[in-house]
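Take a look at this one; I'll ask things after.
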């Protein structure tokens, strides 16, 4: 079993020990993911990237972990294969943003 | 090299081919992560979990992939080890939510 | 001077007394608005609307106020007239969602 | 009737003409508010405030209006008086951030 699979297994054990899967409906997991992303962003509020890293790196690390934890649990509950899902999306992004058209440019694909 | 490491490597190749790392400062990556989490949540807006899955599973999959992609890139750029970071946070969560106190309860740790 | 104008005036006095306008660039105000919206949403996490209202109404009220406060400050700083801006958007929405096509339907306008 | 009251009245007419209040439960309104705040923030993604304003002011205006629209509808549905709620929160903020301690400082109140 690969890394991601092992992490998901541990997360499921964590949830089952606490009998928490009953609360983990996909809609509330998506809400939770978005809240953790906001807590991560809060570490950068009123700051440059440099200031945020200097002052908040420990907390950034924890919030980023929470984001990943919810993303992994939601993927698992929806029967999505995390690795495959990311590779497929990267392929789609590669088509949306062809190298020659998008090099050095931050335009949205519909403006390329 | 493990799964997560290989995905990060591919993401870096993707960024380098497009010369995009110049835009990828941590603050804007944290903003982007939060925007992708919102796009994921949008698939659940005005819907039950069941309706959202029935109508939007393909898009949910793509948005969830985008969330993971930004989380992986940001972790890499901050020199954070994804697997270790998740395991550490799970350990911290295990202390915040002891099994016996939190079983079957969705209270926040400060209300346990 | 109308209600909204008076509120904005009070908010500006509040900021000026603390010399905070130096921090209030529009990008960080937009981040802050999004963070307050997440804090509001947190009151509904793992809950039905009814449970959230019963348990968290006082906090919902405060977070909603924070959302409005940032929205008013950002509007002011961008020289946008709040009332006019809302009326214009409602007119645009009325065209996007004609009464006869959208009555009782929650579809996005591009699916009508 | 004041400005805010008139705007809320118009929003209610808009909703009733489309028979949309049946969808407007507070939890989904809070989700929607958070999604609109993300769309506003998207106008600032990968940009300085100045670039965002130069390139996206029209869209910023629309997203800010959407944020206000959801905030007003949610306030109304929860029987909250918008003006009073903002004034109360400002009073609370004034206590959390006393002028002499917070002048020119962007620290959170618990670090003052």
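A, B, C and D label the chains in the order they appear, each numbered from 1.
Going forward, contacts are C-beta pairs under 8 Å (C-beta built on N, C-alpha and C of every residue); 3 or more make two chains touch, one makes a residue touch a chain.
Going by UniProt, the chains are A, B, C, D = NTP pyrophosphatase, house-cleaning of non-canonical NTPs.
Everything numeric in this text was worked out from a predicted model, so none of it was measured.
Asks: Taking contacts as defined above, which has more of them, B-C or A-B?
Replies: Contact tally favours A-B.
Asks: So chain A and chain C: same face meeting same face, with over half the numbers shared, or different?
Replies: The interface is built from the same residue numbers on each side, given that over half of them are used by both copies.
Asks: For chain A versus chain C, what separation do you get between their C-alpha means, in angstrom?
Replies: About 26 Å separates the centre of chain A from that of chain C.
Asks: Could you put a whole-Å number on the gap between the CA centroids of chain A and chain B?
Replies: The computed centroid separation for chain A versus chain B comes out at 1 Å.
Asks: Tell me, which residues of chain A touch at least two other chains?
Replies: 23, 31, 34, 38, 41, 44, 46, 106
Asks: Can you list the chain B residues touching chain D in their complex?
Replies: Chain B residues touching chain D: 23, 28, 31-32, 34-35, 38-39, 41-42, 44-46.
Asks: Could you please specify the touching residues of chain C with respect to chain D in the complex?
Replies: 2-4, 7, 10-11, 14, 17-20, 22-23, 25-27, 30-31, 33-34, 36-38, 40-41, 43-44, 47-49, 52-53, 57, 60-62, 64-69, 71-72, 74-75, 78, 80, 82-83, 85-90, 92-94, 97, 99, 102-104, 106
Asks: What residues of chain B sit close enough to touch chain C in their complex?
Replies: Touching chain C from chain B are residues 31, 34, 46, 106.
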